[in-house]
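The same chain A turns up in both complexes below, where it pairs with chain B and then with chain C.
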Partner chain A sequence: MSPSALLPLCAGIGVLALPFALSDFWIFIAIEVLAFSLYAVSFNVLLGYGGMLSFGHAAFFGVGGYAAALLVKKTGLSAGLAFALLPIVAMGISAVVAAIVGFFSVRRSGIYFAMLTFAFQMLLYTVALKATGLTGGDDGMTGLKPPGALAQPLVYYYFALAVVVPALYVLFRLVSSPFGYTLRALRSNARRVQYVGVDVRAHQLATFVITGAFAGLAGAVFALSSGNVFPGWLNWTASATPIVMAVLGGVHTFLGPALGAAVYVVLEVLISGRTEYWPLAMGVIILALVLLMPAGLTGLVRARRSA
Partner chain B sequence: MSSVLELLAQQFAWAQDPVVVARQTLAGVSNGMLLFLISAGLSLIFGVLRIINFAHGALFMLGAFIAVSLTGRVPESAAGFLAALIGATAGLAVIGIAIETGLLRRIYRAPHEFQLLVTFALVFILGDAAKLIWGREDHSVAVPALLGGSTQALGLTFPTYRLFLIAAGISVAFGLWIVLHRTRWGIFVRAATMDRAMLSALGVNTRRLFTAVFALGAGLAGLGGALAAPVVAVGPGLHVQVIIDAFVVVVIGGMGSVMGALVASLLVGIVNAFGVLAFPGLAVVLTFACMAIVLIVRPWGLFGIPE
Partner chain C sequence: MTADGEPILRVESLAKRFGGLQALGGVDLAVARGEFRAIIGPNGAGKSTFFNTMTGLLRPDSGRVIFEGREVTGEPPHVLARMGVGRTFQITSVFHDLSALENVQVSLLAHARRAWSVWPQASTLYAERAQELLALVGLAGSGGRLAGALAHGDQKRLELAIALAGRPRLLLLDEPTAGMAAHERIESITLVHRVARELELSCVFTEHDMAVVFAVATRITVMHQGRVLAEGTPAEVRARPEVQQVYLGESVTPQGGCA
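Let's look at the complex of A and B:
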């Protein structure tokens, strides 16, 4: 067996066996890593493949989280049914919101696109904050729980795995398809692609909606694991998270952002457990990252290999 | 139908009361002037450096904290307050020079996401640094005795400090206009917002220009923070809300336009002041709605230049 086939196999076995080596606390963290991996990869399909820097991707993660919370707490459906509908509902609602935000945002590119997505995210943030009757306002929605055995971290871990891995596979197929190659071409030269006859805005909008839906799915998976959603999920400071994860892992690989998500989440746990100045530490890490290793962790490995 | 009208009439009953209208207008205009001091710098920096400085709110906050420290020695004295204004402006200009030469200069050619991350990292670092230096509790700054009390005009009573804020804002706006439109340096700045490469090709030292513009913007933010210190709670969360308001202003007014920043600051200040009366709790949504409408109808802002 070639080494290149051995690595994914080992990784697969490792991911499956992982929770047996961990305490409940760290299983909880592993679930967080899974959710944020999907979140970061979905973001990077926009940024790394499409060249679209969204500064409002946290909106869809948050909408997915709130959709999950509302489904479980407010619809009055039985716990089992609500949970079964969870992925569909979270993705559906996030996709609808992404379609509206995207419709206005993809008309612009570059930094203006970032600002538009940012503006809509802040609009959604204020809605989450002010629609107290629906969202609990500043207090957020707490006490969310998956039904039955899924409430155990170990079982929920496999549920998260069963959601995240197929979702990543779908995204991978997407970026490897003609659709994905058109997207990459758009990043390089949108005007040329337009001359070939591609509807650039429609293509970007479709990508925006798909990645928004998967970010929503990630938010829903995380919401039921952490047990709560807060308006802070939609606040502007939250929008830096997927960017940091993607850049940390490397934006030019498909799974780099997932690696970035894992490193970020574990760092946050380790550092915020020791000091209340986690933002300060993160700021320094971001600066070091941007100034010293702009190609990310995967870039570091590649440089080592080619050296 | 008539009941709807009655409800609306109730909701807007305050509009009949000239005292309330005058008070809210004054509050709106004076808050707008504070917003202008932040957003003018934010807008100039974007116009010239093409960087969205998310840390601009943090610079404003540092200005307010410096005012706390400088006025703390001789509260209510005019000299102490003047020292605070000068100290905050100069201090932030120096910090601005350090940030531009130490960090931003390295990333002008980097992708947008790196630029966003760097100013974002600064938000976290400066926010926590302020907590380390000034603590977590809210501070207040006494209005200097000279500007305390209230002033009678047009049969109405106004807090004198609010009138002072308006005068200060007008003076700064006028001064900026002189600098930008009546000095050689101002011509360079305005030229840089249009075509940096051309300006550089004409032999202007754009490196130094960038540093100076960032220092000017930071200094204005510091001055704004010091001026705001007597009317806001000076605490570690101050910058998070301030930057959002400034951002809304700059987007509405047009990135890079000082005139736009002035008009939009007053607009947002007044919308906020009356929104609080007309739609309690929803005032924030109003300003975001303003921004969304402007972005959709005139994406480059009221006074901005289309790409």
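Let's look at the complex of A and C:
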């Protein structure tokens, strides 16, 4: 078997066997890694493939989280049914919100696009904060629990895996499809792509909605694992997270941001357990990594391969 | 469809103002099927504005653009492209970080209305047809190279292949030889001319180099200060005193060249 086929096989076995080697605490972290992998990859389909730097991607992660929380706590559906509907509902609601935000935002490009997404995110943050009756306001929504056996971290890990892996596969198909080719062309030269007959705004909007829906799915998976959602999920500082993950892992490979998410989450756990100045330490480490590896972690691997 | 004798492109008193500057002061143009029309004029004559206003990049203040008998004034570029109007840019416009082959594939996919197809893998779709188009413009061996790494002249050829992939019936070329060395220009416009013949395209191109213009143009429109100053066959245009005037001291002859 060739080494290139061996790597995904080993990775697959590793991911499946992983929770048996971990304590409950670290299984919980592994679930977080899965959720943030999907979040970061969805963000990077926008940035790395579409050339759209959104400062508001956290809004959709947060909307997905709140959608999950509301579905489980407020609809009165049985726990099992609510849970079964979770992926569809979280994606659906995030997609609708992304369609509204995107409709206005993709009319501008570059920094103006970024500012519009930022503004909409602040709006949604304020809603989460002030609509106390619905969202619990500043206290967020807590005590969320998946039904039955899924409440065990080990089982929930496999649930998260069963959601995240197909979702990543769908996004991978998307970026290598004609739609994805057109998206890359659009990033490369938006004017030229218009003149081959592509409706640039519509293409950007579709990408915005799709990536928003997958960010929402990631938020829902994470919400039920962590057991709560807070308005802070939608705060503008939260939108820096997928940016850092994507850049850290490398925006030029499909799975780079997933690797970035894993490194980010694990570093955060390791460092925050040791010092209250952990954001400072994180900042220094990320700064060093980005300066030393401008193409991200995956860029480093690619450079060594081609050397 | 269009009646016989209906020009493929008709422009009626197209006007565009930028603040205090009347960039286009009511331009009329009629291009017959199969024509190879040159639009010439000194810098600032409004050639590029005219192109951009015709192709939906800028909205005209007044006037009409009619393509194959249908009014297309102010239609956005992607709609024009789908109707059969292709264009290239003065500053070469390709997809730099895609391979040359992918550049053409993107255009073929858009033309086939498959830009929204989300499941099939694009890498092999229309690869053969893309390769043929690359060969047609003389880039047979460069398919795998990044467009941004190609030499300037090759990028111009690639842009032509991108435009041709959309199977246009009218091709608008904004200074197709801009930035080329003198000896490359004739070669380059001859290529466009040959391909246009083969594919039965009508062409409109702007150009500074008189040698290039007189080598291929079937008719010439001379623009000056946002208006049409003269129009006719190359021989007619060359004989017009007001054209000589505009090109003040520069000889409008095939030998002379006016760079």
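Keep this in mind: the second predicted complex is superposed on the first by the 304 of 307 C-alpha atoms of A that agree within 3 Å, B and C clash if a C-alpha of one lies under 4 Å from a C-alpha of the other, contacts with A are read in each partner's own complex, and residues count from 1 in each chain.
Here, a residue touches a chain if its C-beta (ideal position, glycine included) is under 8 Å from a C-beta of that chain, and two chains touch if they have at least 3 such contacts.
Only a predicted model underlies this, so the values are computations on that prediction, with no experimental measurement involved.
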| item | value |
| --- | --- |
| Touched partner set for A:Y169, first chain B, second chain C, both or neither | neither |
| Chain B versus chain C as contact partner of A:P178, first or second or both or neither | second |
| Contacts of A:Y158 with chain B and chain C, given as first, second, both or neither | neither |
| Touched partner set for A:I243, first chain B, second chain C, both or neither | first |
| Contacts of A:L123 with chain B and chain C, given as first, second, both or neither | first |
| Partner chain(s) touched by A:F25 [first = chain B, second = chain C, both, neither] | neither |
| Doubly contacted chain A residues - partners chain C and chain B | none |
| Partner chain A, residues of chain C touching it in the complex | 55, 57, 76-78, 80-82, 86-87, 89, 93-98, 102-103, 105-107, 109-111, 114-123, 125, 159, 162-163, 165-166 |
| Complex interface listing, chain A residues touching chain B | 47, 53, 55, 104, 107-108, 110-112, 114-116, 118-120, 122-123, 126-127, 129-130, 235-237, 240, 243-244, 246-247, 251, 277, 279-280, 282-284, 286-287, 289-291, 294 |
| Residues of chain B that touch chain A when the two form their complex | 50, 52, 54, 103, 106-107, 110-114, 116-118, 120-125, 127-129, 131-132, 240, 243-244, 247-248, 251, 255, 281-282, 284-285, 288-289, 291-292, 295-296, 299, 307 |
| Contact set on chain A toward chain C in their complex | 173-174, 176-182, 184-185, 188-189, 191-200, 203, 206 |
